[in-house]
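Structure record follows, encoded as structure tokens.
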Amino acid sequence: MLGLKSKRMSLRDAVGLVPNGARLAIGGFAVYQKPMAFVRELVRQGRRDLTIVGSANSCDVDMLAGGGCLTRVETSYVGLEKHGLARNFRRAAESGVLQVIDYPEMVSWDRFRASQEGLAFWPIPFLGGNDVLKYNAEIRPFACPISGRPMHAVPAANPEIVVIHAIAADEQGNVVFPARRLLPQSGDVLFARSCERVIVTVEKIVSKAFIRRHARLVEVPSYRTTSIVEVPYGAHPTPALGRYLSDDNHLEEYVGASATTEMFNRYLERYVRAPADHFAYLNLIGAERLADLQDLDSLL
Amino acid sequence: MIAPPPTLHEILATLLAHEFADEEVGFTGLLTGAAAAAFGTAIPLVSMELARRTHAPNLTILLAGCYHNPDLRELEALPDSEHSAMLRDLPSESQMIDYPGQWVLKRGDIDFGFSSAVQVDQEGNINSVCIGPHERPKVRLVGPILQPEHMALFGREYVMMPYHEKRNFVEKVDYVSGVGYPGGLAGRHALALDRGGPALIVTPKCIFDFNRDVGRMIVKSIHPGVSVEALRTATDFELGDLSGVPDTPLPTAGELRLIREEIDPRHILLPNRQI
Amino acid sequence: MLGLKSKRMSLRDAVGLVPNGARLAIGGFAVYQKPMAFVRELVRQGRRDLTIVGSANSCDVDMLAGGGCLTRVETSYVGLEKHGLARNFRRAAESGVLQVIDYPEMVSWDRFRASQEGLAFWPIPFLGGNDVLKYNAEIRPFACPISGRPMHAVPAANPEIVVIHAIAADEQGNVVFPARRLLPQSGDVLFARSCERVIVTVEKIVSKAFIRRHARLVEVPSYRTTSIVEVPYGAHPTPALGRYLSDDNHLEEYVGASATTEMFNRYLERYVRAPADHFAYLNLIGAERLADLQDLDSLL
Amino acid sequence: MIAPPPTLHEILATLLAHEFADEEVGFTGLLTGAAAAAFGTAIPLVSMELARRTHAPNLTILLAGCYHNPDLRELEALPDSEHSAMLRDLPSESQMIDYPGQWVLKRGDIDFGFSSAVQVDQEGNINSVCIGPHERPKVRLVGPILQPEHMALFGREYVMMPYHEKRNFVEKVDYVSGVGYPGGLAGRHALALDRGGPALIVTPKCIFDFNRDVGRMIVKSIHPGVSVEALRTATDFELGDLSGVPDTPLPTAGELRLIREEIDPRHILLPNRQI
């Protein structure tokens, strides 16, 4: 078959697809498998006024907040789990420069299901009395057209661009997910099915033969992807299931550095702005640490 | 030889175990930080496992919401990450990897859950979103996470509060991210919340239940060694007459033995000391 | 762990859980993996006035129609694919004794998704002009609460009882599905998540150790199942993926026998009413045919 | 040596191949019975594969709606079952095993599809539900299946009619299970059908297109060897002036060679004879 179109792109060019003011969904869930190389490049390129719509967020939103890239976040969680609160996010929210729209966790998934369904809303029957309603005029009360029961319509997630990090794809944009996956990887599949501009950073670009051997696991096919970017360790310091674990040491350094704006600017200078590219960043982390983080997927 | 007296964690785990009926499904998240992990994850796990080994062998434990009846003997440490590779490899009877998944959240598959919060008020509302006004909070917290679902879609909720101080037990939470009993059961009904709500509030000082008619917390029992005065001082709302309130009951020798020798012999879940 | 409750039941007793007039969903899809032993036992027990709600149906509905068990069918398809039309169903529909409520194929899945979601309706944006609306007063027009777009609310499937056929479960009712599954098996998972009375007929009851070794594939856990019935070849003459293929010879015999009511009554007498039990039925099919139908699942 | 002249199947496959743009996604179900399988499955497969081997290498073929770009060379026979174990084992680039699945139906991932019907009318409505009144039909057919989705959610639809007789091409279908152009494009818009609808109607006698302003079928071309009179006789509605209608174009020698030598050398998809 001649003339197959390559969707391969450099990290810089892929990040260039995200304009200032974009409504962006960042894959991964909480502190797991976040496309952090992409996030660092957003900061490096000085992107502004982004809205992040998500299900559960962590250092993705926190770094963008610390980098001054954000205007608004719509999600159920921003925190670093065992590493504590997200301090840059806190400062931005407490100072009022960052607007936070809170959604319940499963409702935040339902919003992407609405986008997947081509619907402007998802019907939610259990929000009565919750302050999620009080601070969100976009949620509308309505009566079930069949039972008459009072419910609420939450708006679809409607991302303009989705970015996820996965283990492998071919150049045409067929993306594989591990069979022994966990909830964060399923969230990525959902995100990639909720939007027509889908950027996938991957650990490895693989052959068509590899894709065909794993057809059952190609949950995001070529026609759903806009660009494929090869970024080994692209989720670091968060884990990529089956490839590497969380770099808890680096996350502790990150948390320590986010104690003040000044300290975090020094962190950004050292790890985000100064390195010439992603491999220069990885060299700062060092081979020994990267080797130590190895995860093994099921061999079956 | 006399066994060491029960720790607070053991007392709470045993008390909770008595709450569960056979064939129920119990959901615990994965909380981190010593006190939160103990109250939010370890005590719930031990309580459910104790119930399974006594009167409720068919109870289903959902660890981190996803792992059905995990083999706790295979744990080398209390997991400190909700979706870590370690959990992928933990033997269980079913792994939820998608939403919607095995437990049908909105049909009410979960009989009871455990949640935690920074604030709880006398109506049983909980808050993990912010302290102070939402637009310019004094402290921005993590967000509602799964609290709205816990407090509306689960059959009942055990609110596990690792700290019991005035700043945690307030007149009115600054943000209702999980709904208690505003206006009592009738109030919940008016909000179209037809099931669920908090069952007990479990703290290091006492157990709260509710007067569900008026929708107000009441002290059900006070833990051994905690004075009524200390309880009042640590609570920002009025507790009423506490004269008839019993002590929190202690585990039997058999229950203690099960916890210490069968369920957690390596002290991976509960610390091996008084706290 | 002592005192584990067994949900094992005989086929006769499990079918006894279905009263006359029940609203029943039958798993499988079109001519694939239908719980046919269960269907035969419904006919044998002379069940009446059933409503079948489904996504795509075939010899399940056709046999129940031929056995006089049905009042109403709500589905997207009743036919036998390459074996032609479902002749008993046709006769019943054309004579007016069977009411057929037609739904589009994916909408018929959406109705089960509504039940899974605890909703009385599912919002459908594309039914305008379709006669599916003309003959179904239960579908209600409404406006999207957020966009105002005109849509239709289709009623949830709301089965009272679901029956599916799977390859294996333990006595507690944990049901496994093959990793290399196809759409019909996914439909069974959806059905089993749409109702609180779920009967699962299985090829084999397996040990808890087998279940734990395949935890990732236990898509229907114990607390979702009401009873487990061991019925080897329980889908015959339809296939059970990974165990056996379609018995096309028997289906041709079935189609031939359904040419007239009289002939089909003779078929029912021979294959359904006369055999003492399911194994007597299998003996009529014969060991050679059953062996010939073997399918192999992936060995990985 | 002169190659045998193109068969009708080859003519139709080639004509359809010209319709597809690069990077589109084309959906074919799995129809059974010789004529229906040829029109509903085999001709669509050959047409898409021909497009992939000429001007549209990035077109995605969805066989039986689930198998992405299946390796047709591995086929030992045209599959005669939509979800048979044989398809589980057919090499492809992605397998859809769930709904919702890889192609996001309601966001419009499918650019074009192929469907079949028992009746089609001059507005392009199709019917596979019943002949005669719905409550007491003369013939009860299989049901709407995926026709409503094909005709409303796919970008455009090729209606593949294996038979062209008066009973198939009717004034008004007895049941609209797939919506054509009632009232033209404006009519579709008024029904909130913002995309999709029939592109061509492909029959053994001719190709129909539409006047989309008024919503009426028009003859686009007539197959070689079919007379205008034969076409009128086989159609229950008025076809208007057919004097300027061209013959259906034939494949080039290169296209024929690709079909015969590369795509279907063992004649598994298309029969090796005139029909």
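Each chain gets a letter, A, B, C and D, in the order it is written, and its residues are counted from 1.
By definition in this document, a contact is a pair of C-beta atoms (placed from the backbone, for glycine too) under 8 Å apart; a residue touches a chain by one contact, two chains touch by 3 or more.
The model shown is predicted, which means the values in this text are computed figures rather than measured ones.
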{"item": "Which of B-C and A-B has more C-beta pairs touching across its chains", "value": "A-B"}
{"item": "Farthest chain (mean CA position) relative to chain D", "value": "B"}
{"item": "Geometric centre distance via CA averages, chain D-chain B, whole Å", "value": "59"}
{"item": "Centroid distance [mean C-alpha coordinates] between chain C and chain B, Å", "value": "40"}
{"item": "CA centroid of chain A to CA centroid of chain B, Å", "value": "30"}
{"item": "Chain B: positions in contact with at least two other chains", "value": "95, 97, 106"}
{"item": "Shared interface positions of chain A, touching two or more other chains", "value": "118-119, 125, 149, 180, 216"}
{"item": "Interchain contacts (touch definition) - all pairs", "value": "A-B, A-C, A-D, B-C, C-D"}
{"item": "Parts of chain A lying in touch with chain C, wherever the complex brings them together", "value": "118-121, 123, 125, 138, 140-142, 144-147, 149, 153, 155-156, 179-180, 216, 300"}
{"item": "Chain D partner contacts - residues on chain A that touch it in the complex", "value": "1-5, 115-119, 172, 174, 193-194, 196, 208, 211-212, 215-216, 218-224"}
{"item": "Residues of chain B touching chain A in the complex", "value": "32-33, 66, 80-85, 87-88, 95-99, 105-106, 129-130, 134-149, 152-153, 175-179, 182, 187-188, 190-193"}
{"item": "Residue ranges of chain A touching chain B (in the complex, touch as defined)", "value": "29-32, 56, 75-79, 81-82, 84-86, 89-90, 93-96, 100, 102-107, 109, 125-132, 134-135, 149-151, 180-187, 239, 241-242, 245-246, 295"}
{"item": "Chain B - residues contacting chain C, complex", "value": "22-23, 25, 52-53, 57-58, 60, 68, 71, 91-95, 97, 100, 102-104, 106-109"}
